[in-house]
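Both complexes below contain chain A, partnered by chain B and then by chain C.
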Partner chain A sequence: MPEAPLLEIDNLRTVFRTGHGELPAVDGVSLVIDTGRTLCIVGESGCGKSVLALSILRLVPRPGRIAGGAIRLAGRDLTALSEAEMRGVRGAEIAMIFQEPMTSLNPVHTVGFQIEEAVLAHRAVSRREAREIAIESLARVRIPDPKRRAEEYPHRLSGGMRQRVMIAMALACRPKLLIADEPTTALDVTIQAQILDLLRELQAETGMAILLITHDLGVVAEMADEVAVMYAGRVVERGPAEAIFSDAQHPYTLGLFGSLPRLDAEAERLLAIEGTVPPPFALPSGCRFHPRCAFADGRCANDTPALRRFGERHEAACFRAPLEAMAA
Partner chain B sequence: MLGHILRRLATAVPVMVGVLLIGFVLLQVVPTDPATVRAGPMASAETIAAIRADLGLDRPLWEQFLRYLWRLAQGDLGVSIINNVPVAQELAATIPPTLELMVASLVWAIPLGLLLGTVAAYWRGSLFDRAVMAFAVAGVSVPVFFLGLLLIWFVGFKWQLLPFTGRAGPLWTLEGLRAIALPALTLGGVFVGPVARMTRTAVLDVLSADHVRTARAKGLAERLVVLRHALRNALIPVVTLIGLQIGFLLGGAVVTETIFSWPGVGRLAVGAILSSDFPMAQGTIIVLSLGFIVINLVVDVLYAVLDPRVRAA
Partner chain C sequence: MTAGVQGMTGALPDVTPRGPSLLRRVLADPGATFAALLVLLFVAAALFAPLIAWVDPYETNLAATLRPPSAEHWFGTDAQGRDLVVRCLYGLRLTLLIGLVSVAIGGGLGILVGFLAAFYPRLDGVLMRLMDMLLSFPAILFGLALAAIFGPGVVAVVTALAIATVPLMARIVRGAALVVMKQDYIEAARAIGMSDARLIWRHVAPNAASAIFVFATLRFGQVILLGSALSFLGLGAQPPTAELGAMAAEGRNFLFFAPHISVVPSVIIFLVVLAFNILGDALRDALDPRLRV
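This part shows the complex of A and B:
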């Protein structure tokens, strides 16, 4: 029997109870992440990528809930765990960092204390040992003078420093998987690059897997081993990063990546996607992208396309793909 | 931190001068003439004039005020017009019972309010939440005197469980505790609701903050998430609001002391005003205002203790 992948998301459905009934934010998503790899989830705002991330940790805020599917961490289904068991997973096996380092740290506790807390939650160590581990973690994320920095309150640190603290906190218990939800979006461009470099270095050191959520294709190009493109709660295309960049099949992926200006192809017009992601209470029938799709035909409005194979581990959910055939 | 406290102290000085001025003017506007009161109903016009001159009441107002300030600076608060007892001496005797009553009221009301508010916020929308909020609204709406009278009628009079007049000794004696129970329940009782409501709002606000999500994401137990990351942060606004409310509580203390014959500053104030005891009323006003200023100072210091961002500024 082949070894189970580190994380396997199987047909996950996360819904929000609203005045319009139960609306799916994540609708039948399946993904796999292996140890030491980086999976980037790409999509516009509102496509369900953050809800997917929170679902993995079972931290979807009310009135949201996981309505179906499985999330298996090394073969163990997280959706079946008790709340207490789940707490043992959070921070210890799967850790998460967020988009806003300015607000993600508690302003009234020192950063050292906040890391310490994560350590004490999962390891049977004394407060002093926890403090030492916290200082080590700060050193690992290249924070200078970590001993002194541990005594600082978050408001004394810059955005980049705070995100480093968040990473130190996330990695203090050496998790196998780090979920990073838009970790660089709120940061200056130069700091972004530093944080991404840091994540890559730490991944090389620890062998952890990274689930990176972003809408920044530059970040994807920099970081991804695998890419999953989400649209309106569904994965519309997934595959190895090279395949997605060089041979995208889904019109939405093409639109996304086509809207990335390229220096080597100046003559090409930028492909922009008209319109916006439909809200969960007004999802179109059939392929959810069809109202914005230049290639849609009658079938796209009626039937929902399933993921089809286009190469090794490369799949897209589109009836019309490959589009080259049509161009001919 | 020390600079913060000193700055706050400095701003308290003009407030105090203002209070003295208003207190002074207020008693001037009252239509009763203290000299007449002191002289008694049978006194002749000459006697009254003599007393007026003796008390300095025939001088211009501004001079009376300046003399008053000057004596005050020397610690001389004057002598009661009614019974010739030095005001300072009366105040010294009544301040401790008032402090005692305030502490005995707050010591249970604040923790209970914090607890109810936090639990209500955590289980927002639940039956418990709605019960607490209904209780809080009732608490805000019921006047102190009414709650006090209810307690006196039922607990004190009908069921004869607890005494309801006066102070019976220090708090470390059973008799002392029994005597303070009803006044403290009354004064604290009207305070639980507002504290619970403010706490609930503040905790609800913090519970949706990003850092609470972070705390959960690192696997902290819910108890720690709520205490360390929600309530701890919520205390910053709550302490400010509690500080403001304690000011009103001083007003409540005046009423409570009066209905329970508690020998405190509040009752002294009411008695002095009713009997036109000019210096005594001024003395009590000064003490109650000072209390208000001290409470605000304590709140400011607490604020800095609770919020590292204020500490640094």
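This part shows the complex of A and C:
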């Protein structure tokens, strides 16, 4: 057996305790990310992408909690670590950047100081050495004149610059995995492209893995090595990016991508997916996508489809797939 | 932290300064300038009282009792013939000290309770209900109770005022901290592995600091008033100790033929409280980013 993958999520369940009982936001998700690779998690708002990301860092806000499964980082189960041990993982081995660079920096400290704090949280260095590492990190994210920028307060920087600062902070301790939760959603298009380019360059330099959460398929096409499509807390399809783009099997994936199966009659109905993701307190029976699915039949409403193989490492959870077979 | 650009390369256009300093913004308001000068004057007078005083504040002179203000005794003399200028200097010293110590102790405990309640939801309910209980007693009642237990005196007053300050400060700090903790940068700081203590110290405290600072200033004025009231009621500093509230109380028997004995210390208390209130308001305006242009 080859060595353990960098990150292996195994049947993860994250639930929120509410007035409706314990509701699953992430329900039996399994994923694997290897060093140097980029995994994109795709799905509509409310499908559990962000909760999955926060679960990996064990930062799910109350009343949420990880109710089952394992998250193994290089073979070590993060769900079994103490809170203090987990703090040692956050930032040092797994770092995260967020959607809103405008509010992810504290307005009362200089950006240099905030990066220093990230360094000091994990490394026994002096404030002066931390400052040097901070300036180095700012230089790595291609911020011009980093020594001077380090003295700036966040409100003086543009959104793109702040996201660069966030990346510098996340990477200051050279983590092996970077989780990026919609890192470009709040930025305008040209800046988006710059940030994505930067992430790719940094990945090439450091060999880190990236877990990229997005609903922007343009971003997926540009960044992904692997893709996992999530719907209502479950992975409905996963596989290499080429396979997902050229040969998507799950009707939800097809709907997301707006691509057409060779089924002329139903083609038009696939272009847009009717309705919204069901809330966790009103999950449908069987396949959670069946009320919105153009292909659903009686079985879809009763039984839950498991992931089935359709190609090398390409799996989808649909009874009806491959849809081409239906025409035959 | 200075906006230090020393030793930087000149590659970027020169940055503009970070706007006027806090002091400058406070002093832009003439009322606040007046209040600040008054506070400065009172603090200086209290600090240097022993150096300024030309006679002993406790030296009696039965040949010159109840004298009205004159060239010799600017504020007049009291029933024992003691010079009221010197007694007021010492009284101010003790009054300000009572205010400072009780706000420092009560405020400090309040800050701790507020942060704990905001940061640990498990403690929140218990701590804040405890604070509610404290809030339901007036400070005067604490003073009465403590004076009954420990005997009247400065310690009883300071303790009562500190206890009365804790819940107020705790509520303000908890509120400010809860607002800060909803910010994205707190989650970002957690995601880089910062410990709770560091998170409070580095991120929550600085953002709550202006609220704490403003409340402490305003509370200082209130506490001095309350402390004087307790002394006036005979629960605080005991005669012959020079304390403004106690001095006002001593003069009340002579209000009709020697009103200055009560009036002078009362006016000083009034001015001190007024000055701290105006200064507190000005600080709040200056520190509130929403009011900043």
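Note that the second predicted complex is superposed on the first by the 315 of 328 C-alpha atoms of A that agree within 3 Å, B and C clash if a C-alpha of one lies under 4 Å from a C-alpha of the other, contacts with A are read in each partner's own complex, and residues count from 1 in each chain.
Just so it is clear, contacts are C-beta pairs under 8 Å (C-beta built on N, C-alpha and C of every residue); 3 or more make two chains touch, one makes a residue touch a chain.
Model, not experiment: these values are computed from the prediction.
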Following the superposition defined at the top, how do chain B and chain C come out on chain A, clash or fit? clash
First (chain B), second (chain C), both or neither: which does A:Ser285 touch? neither
Is A:Pro144 contacted by the first partner chain B, the second partner chain C, both or neither? second
Between chain B (first) and chain C (second), which, if any, makes contact with A:Met169: first, second, both or neither? both
Touch check for A:Val89: first (chain B), second (chain C), both, or neither? both
Which partner, chain B or chain C, touches the larger number of chain A residues? C
Pick one for A:Thr18: touches chain B only (first), chain C only (second), both, or neither. neither
Select, from 2-10, 20-28 or 56-64, the region of chain B that bumps into chain C once both structures are placed on the shared chain. 2-10
Chain B and chain C contact sites that coincide on chain A, given as residue numbers: 57, 59, 87-92, 95-96, 98, 100, 103-106, 108-109, 117-118, 121-122, 153, 156, 166, 169-170
Inside the complex, what are the residues of chain A that reach chain C? 57, 59, 62, 87-92, 95-98, 100, 103-106, 108-110, 113, 117-118, 121-122, 144-145, 147-148, 151-153, 156, 166, 169-170, 173
Give the list of chain A residues in touch with chain B in this complex. 57, 59, 61, 87-92, 95-96, 98, 100, 103-109, 117-118, 121-122, 153, 155-156, 166, 169-170
With touch defined as at the start, can you tell me which chain C residues reach chain A in the complex? 1, 3-5, 8-9, 11-12, 15, 18, 121, 183-185, 187-195, 198, 202-203, 206-207
Partner chain A, residues of chain B touching it in the complex: 208-211, 213-221, 224, 228-229, 232-233, 236, 306-309, 312
